[in-house]
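Below: a set of structures, written as C-alpha cells.
In what follows, subunit A forms one complex with subunit B and a second complex with subunit C.
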Partner chain A sequence: MTLSLRRSAPPAPAPTGSKRRAQEKRRVRTYPGERALRNVVIIIVAGSLLGLTAYPIGLAFVGSFHYWNPLVGAFDFVGLENYTTILSSADFWGAMLRTGGFSAIVIFFRVALGLAIAAAIFSKVTRGKTFFRTIFYMPTVTPLVAVAYVWQMMYNPQTGAINTFFGLDLNWLYDPQLALPSIMAMTIWKDFGYAVILFLAGLHAVPEDALEAASVDGAGAWQRFWRITFPLLAPMTVFVVITSIISYLQAFVQVLVLTKGGPGTSTQLISYLIYDKAFLKYDFGYASAAAFILLIVTALLTLISFRFATGRKSSLEG
Partner chain B sequence: MRTRLSSLALTVLLGILGLGTVFPFVWMIISAFKSNSEINAADQTFLPKTWTFENFLSIESKFDFLRLFGNSVFLAVTITAIVLYTSALAGFVIAKYQFRGRGMLMGFTVGTMMIPWAVTIIPRYTMFADAGLQDNYLSIIIPAAISGFGIFMMRQNMHAVPDEVLEAARIDGASEVRIFHRIVLPMSTNSIAALAIFQFLWVWDDYLWPYLMISDNANQVLAVGLTTFAGQYGTDYGGLFAASTISVLPVIIVYIIFQRRFVAGVASAAVK
Partner chain C sequence: MKLARAIAVLGTAALLLTGCGAGSGGETVDQAPSGLPVQGETIKYDPNTLVNDGKPIELEWWLWDGQEKFQAFADSYKKLHPNVTIKTVNQPWESYWTKLPLQLQSGKGPTLFNIHNSYDATLDPYLEPYDIETSDLEADYTGAAAHVVDGKVKYLDYGLMTGLIWYNKAMWADAGLTDSDTPKTWEQFREVAKKLTKREGDTFNQAGFNFNGTYQSLGFLQYQRGYNLFAQDAVTPTLDNPGTVQTMQYFLDLYNVDKVGSKDFGPKAIESFGQGQSAMVYEWGHLNGTLKKNYPSLDYGTFQTPVPDAAEAPYAFDRYNGESTPGINKGASEAEKAVAQDFMKFFLTDKTDMKNLVLNYSLAPAYKPLDSDADIAANPVVKAMGSLDRYIWPGPMPATFETSITKAWQDVLYNGVVPETAISSAQKTIASDLAKTKFKSAEPAYAHYAPSPR
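Let's turn to the complex of A and B:
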C-alpha cells in the first residue's frame, strides 16, 4: 500500500522486452525447493482469494439484484429494485452522511493528536519516551467490545465517571445531539495511538542534517516543523488517512455496544445499517446492494487519497 | 533554564494526556472491585470503600466466563499461529522469488484489505451454513487462515533480510525450505511479534462472525459472551466491569511484555 508512496524518485520504467529476457536468462536455474514453496503459496493464497473473497463478492453482487431472504428461503430476481429503494431511502442517505461526518472528524483528531503527541515525545527535551509511547498505544491494543462497555458505563448519566468527574449532568448516549459525538470521542481515544506510533517512526526517518542546516539558516522550531518535517511526513499521513477511511467506513462494534444506532437513527452508521438489514431483518438482497455501494465509495475514496498524495508529491518535487 | 522549563512543560502535558488515556482502564479495574450498591451510590468515590471479589465470583457462576475465556484463547492462539506461518511464507516467496503472476497475486491480496466486511459476510454466512460448518470452529479458523494484511506486512519485512545472506546459505547447500525456517523466520521476529499481537487482538475482538457461526453458548467466544451478558444482566454493572477486566487485562499484559518489539514491528510495516 505504501510501497510507492515512500519512494521519492519516480518508479523505474518497466524493463523492455529484450532486457527482461536477458534477466531471465541470467537465472534459468530455480533454487532447489523453490518451486515447491512457490506452488504451495500460490495455491493457498490464490485459493483463499478465489474461494473466500472473489466468490463471495460475486455472490453478493448477484444477490443484490434479488429479493434474498434466508428465513423464507427466497431468492427471487428483482432487477435494480434493491438499488432504487436504497438510493431513495432517507435512512440510507442519513447513514452515509453520518458516516462521512464521523469519519472526517475522527480522522482529523486521530491525525492531529497523533502528530502532536508524536512530535512531543520525539522532542529532545522529553523524558520517559518509552513510557509515554507504551501508554498512548495501549487503547489501540485492547479489545473494542470490552472497552466500549467501559465507555458505556463512563457515559452513564448517574454513576458514570465523566459526569462525576467534571460535575456535569449530561445524558451522553441518550441525547440525539450528543450520542454520535460520544461515540466519536471513544473512537478517537481508542485509535489515536496508532497514529502516534506511525508518526514517531516517520520522525525518526527525518534526516537530521536537513533540520540543522535550516537551523543555521535561521529557521525557528515552528518553521522547521512545517517546512521540513511535515512535508516529509506526508506519506505517513496519507497512510494513516487511507487506513482510517477504510476502517471507519466499516465502524460497527462501537455503535452496537454503545447505542444500537439510537436514539432514533442518530448514531446509525452505514455498516450498522447493513448489519441491521442483514442480520436483524434478514433482507440479504437489500444489505448486499448497500454493501456494494459502500465498497464503491471505499474504493473511490482510497483512489482519490492516493491521487491526492501522488499529485501533491510531484508538485513538491516539481 | 529555557530547555528545562520546556522539558517540564512538555512532560506535564504528556503526563496529563497519558492519565486521560489510561483512566478508563484504571477506572474499569477499580470498579470491578466495588460492590454494585457502591457503584450505584449517589456519592461516588474513586477507590472502593470495601474491596470485594464478589463481581468476579458472581459472573463466573452466572456465565461460565472461564470457559469462554478458554475458547477465545484457543481460537486466538490457533489462528495467530496459522496466520504467522502462512503470512511469513507467502511474504518470503512473493518478496524473494521472481515468477509470473507475482504482482497480480500481491495486488489482489493487498486489495482484499480494502473490502468492507459487509460485502463478504452475507455470502460467507450462507456458504458456511450450507457447508454445515455452523457450531464448528473450522468456520472461524478457515476464513482467518490467510491474511491480506499479514502477507503485506511480512512482505514489507523481507527487505530486512538481505539477498546476500540467502545466497550465502544457498552456496552452503541449504534448501529453500531450510533457508525459510532457519534464516528468514529468525530474522523476522519484530514483524512477527507485531503481526502476532495484531492478529491475536483481531480474533479476540471479533464479534459478528462468531456470533453468526456459533450458537452453542458453551463454545461461544468472550466478545460475544460479553454482549450476551450485558443483554441479560444489563444492570449488573459490577459484573460488567469484572467481565470487561477479564477481557482486557490479558491483552494489556501481553502488550506490555512485548511492547518494544511490537512497536518496532508496527512502524517497520508502514515505513518501508
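Let's turn to the complex of A and C:
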C-alpha cells in the first residue's frame, strides 16, 4: 500500500503567531481510507460501549427496582424494596465492611511494597535490574484463578507448604481470624508487581538535577526520598491507588476459589455477595441493587482520591 | 474499497475463529441401517431409521461430571447413525449453573444438558418434554411417575443415591476391626471412630471420622429422629427442629468430646479420606466415581448409615435423590430437537452404557431391566444402601437448603455460633428464599410419612 499526502501546502513565507497555528490546523495530513477507518473504529468502540456497558448498566438499574429472575421470566416492580432490604441487611453491611478493610490493607501493602521494591531496583547499586523486574512482575501476569488454586494448596493445614515450611499448625482458610488475611496475603503477592513496574517508570521520570541539588544542600538518602522523590511520585501513587480501589472493591475470584465466602460469611466480600444473589439464587433485582450501591461507593472513593491528588498537586505547585 | 475488503476479510476470519455458524459433523448417510436389533423392554428403540434425513448434524451435550461415561452413549449412538455427532462438553459445577441457565434464557445453549433436580424450577421453562409415552416410561423406570407433569415427562431418574459411611480398609484392619464390628448405631459408631483415631495429644495423625465440608450430606439426618424438613403443608420449611439440633450436637461431640477428628484436620473430608488421613467419612454414592478417578489406589469399603436405635427401624435412614437423565433444550432448532428425541429413546434403552453409568456412581438403577443385574447387586455401595423403602425423597431440593445448611455448620464449627442460633438463621434464609418460588415438598408421598414429631 502506498501512502500519499492528499494535499500539500505550497511553500510560503514563514508566518507568525495565530496565523501560523491556523495554517498548521488546515494542513492536517490524511491518508486514503483514513477517514473511513476512523469512522468504523469509532462506531465499533461506541457501539460496544453502548451495547456491552451502557445497556447492561441501564437494564441493571431498572432491574434493581424489580423482583427479577430472568430464568423464570419474573420482572415484578417492587419499588425501593431491594434497596431497603439491602440497607437493613447485616450480611450486606458485613460484606461492605470486610470489602473496605480488605481494600485498604491490600492497597496499603501494594503501594508500600511496590514503592520499596521499585526504589531498591532503581538504586544505582542494584545489579540485574531486568531479572528483578521480571521476577516481581511475573505473578501479575499469571492468571488469578491459577494463583488462587496454588495458594489454596499452600494453605492446607496438613499438607500445605506454609505450615510445613514454617513448622506451624494453622488452619489458614477456615479460621475466621485468619481466612480474610490469608486471602489478602495472596492478593498482595499477586498484585504488588504491577505497582513495582509503575513506580519504576515514575522513578525514571524524577529529574536527576533536583536530587543532585538536594545532595549538594546536604540532604541524606532518606530525606531525598521523602522530600523529593516521593512527592514527585504522587501522580503515580494516586494512579495506583485509584486503579486498586476500583479493582479491590470488586475482588471476587480469590474468594470464590479459596473460601467461597466462608467459614460462614467470614470472607464474604461485596462482589461475592452479589454473585451469590445473582448466580446462585437468581435474585437479579437484589444483586443489581447491591451492585449499584457498590458503583456509587466506588465512584465516590475515586472522586475523593482525585480531589486529594489535585489538592496535593496545587499545594506543591503553589 | 480496499478498506471495505479488509474489514470483510477480518470479519469473516473472526467469525470462523469464534466458531460461529451451524454445527455439523459426521458423514452423509444415504440409506437407513437395516437388520439392526430393536432394543428396550417397554420403551423400544429401533435403530433402522434415517436420522436427520441422513444429513450431518452435530449436537452439544453439556455436563459437569462423568464425561467419559456419558460420551459412551453418544459414541454408541454414532455407530448406529454416523451422520450424527454428539459432543459432550464438561463444565465445572459452579460455572455450569451460571452459564447454562443464562444460555437457555437467551435462547441458545446446548441441545442436550445434564440436570440436577435441585435446579428443577430454574430449568423447567426451557425443557422440551420427551417424545415418549409416560406409561412406557413408568413401566421401565422406577420413580418415573414422580416426574410426570401435565401428562409429560421432561426428565427422570436413571439411578438413585443416598448417603453412606465410607471407610479405609487398611486403617480398619490396622485398628483390629473386622466386618463384625460394623456399627449399626451411632453409639457403636462413636466407639469404632475412637479405635480408628491416631493422635498425640491434640495433634492428629489420623482422624477416625471426618465431616469437614460434607455438611450438605449430614444436614438431613434429622429424618432418623422422625423430623421432616417441611410442615404438613409441604411448603413451610421446618429445619429448625430438635432433631436437627440433636444431630448436629452428636457430630460436634465426636470432635469436641470424643476427639475422633477436628475441624482443623483435613479441611475437606473427601480429600483427607482420599489422601489417607481420615479413616471414615459420610458421603453420597457419587463419591465412588470421585475416588476411582482421583485416588485409584485407595482401598475402601462402605456400610449403611447407623441409626439411633438398632432395635427400631428409623423413620428414614436419610433422604435419597435421583440422578437425572439429560434434558432437551426447547430453544434448539427443530432438526436438533428431533435428533435429541431420537437419542433420548436410545439413551433410555441402552442397557450396556446405562449399567456402566450406574456402576460409575454406585447407584441403585432406576431402569428396571437392570434391577436383577448381578454386577450392580454386588457393588458394595449399592449393597450397603439396602432397600430404599426406608429412605425418603423430599423432592428436588432447592439449592438454598444446601447453601444455608453449609453456612450453619460452618458458623457452628468455626465461628463459635451455638447450634440453635445457626439452625434458626438457616431456617429464616431458607424460608425467605423459598417464598420466592413455587416449591412443594414430596415428603407427604413417602410410604412411611408422618407429620413431625411422630
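Quick note on the criterion: the second predicted complex is superposed on the first by the 284 of 318 C-alpha atoms of A that agree within 3 Å, B and C clash if a C-alpha of one lies under 4 Å from a C-alpha of the other, contacts with A are read in each partner's own complex, and residues count from 1 in each chain.
Rule of thumb we're sticking to: a residue touches a chain if its C-beta (ideal position, glycine included) is under 8 Å from a C-beta of that chain, and two chains touch if they have at least 3 such contacts.
Owing to the predicted nature of the structure, the values given are computational and were not obtained by experimental measurement.
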item: Side-by-side fit of subunit B and subunit C on subunit A, or clash; value: clash
item: Larger contact residue set on subunit A - subunit B or subunit C; value: B
item: Which of subunit B and subunit C A:159 touches, first, second, both or neither; value: both
item: Which of subunit B and subunit C A:266 touches, first, second, both or neither; value: second
item: Partner chain(s) touched by A:223 [first = subunit B, second = subunit C, both, neither]; value: neither
item: Partner chain in contact with A:279 - subunit B first, subunit C second, else both or neither; value: both
item: Contacts of A:84 with subunit B and subunit C, given as first, second, both or neither; value: neither
item: Contacts of A:40 with subunit B and subunit C, given as first, second, both or neither; value: both
item: Partner chain(s) touched by A:73 [first = subunit B, second = subunit C, both, neither]; value: second
item: Subunit B versus subunit C as contact partner of A:256, first or second or both or neither; value: both
item: Which superposed partner A:169 touches (first subunit B, second subunit C, both, neither); value: second
item: Residues of subunit A contacting subunit B in one complex and subunit C in the other; value: 1, 33, 36-37, 40, 70, 156, 158-159, 256, 279
item: Subunit A partner contacts - residues on subunit C that touch it in the complex; value: 2-3, 7, 94, 97-98, 101-102, 104-105, 121-122, 125, 203, 212, 263-267, 272, 275, 277, 399-400, 403, 406-407, 410-411, 413-415, 417, 433, 436
item: Residue ranges of subunit A in contact with subunit B within the complex; value: 1-3, 6, 24, 27, 31-34, 36-38, 40-42, 44-46, 48-49, 52-53, 55-57, 59-60, 63, 70, 117, 120-121, 123, 125-128, 130, 132-139, 141-147, 149-151, 153-154, 156, 158-159, 161, 164, 189, 193-194, 197-198, 200-202, 204-205, 236, 239, 246, 249-250, 252-253, 256-257, 271, 274-275, 278-279, 284, 287-288, 290-292, 294-295, 298-299, 302
item: Interface residues, subunit B side, partner subunit A - complex; value: 3, 6-7, 10-11, 13-14, 17-18, 21-25, 27-28, 31, 39-41, 44, 86, 89-90, 92-94, 97-99, 101, 105, 108-110, 112-124, 126-127, 129, 142-143, 145-146, 151-152, 156, 170, 175-178, 180, 197, 201, 204-205, 207-208, 212, 223, 226-227, 230, 237, 240-241, 243-244, 247-248, 251-252, 255-256, 259-260, 263, 266-268, 270-272
item: Subunit C partner contacts - residues on subunit A that touch it in the complex; value: 1, 33, 36-37, 40, 67, 69-73, 156-159, 169, 171, 173-176, 256, 262-266, 276, 279-283
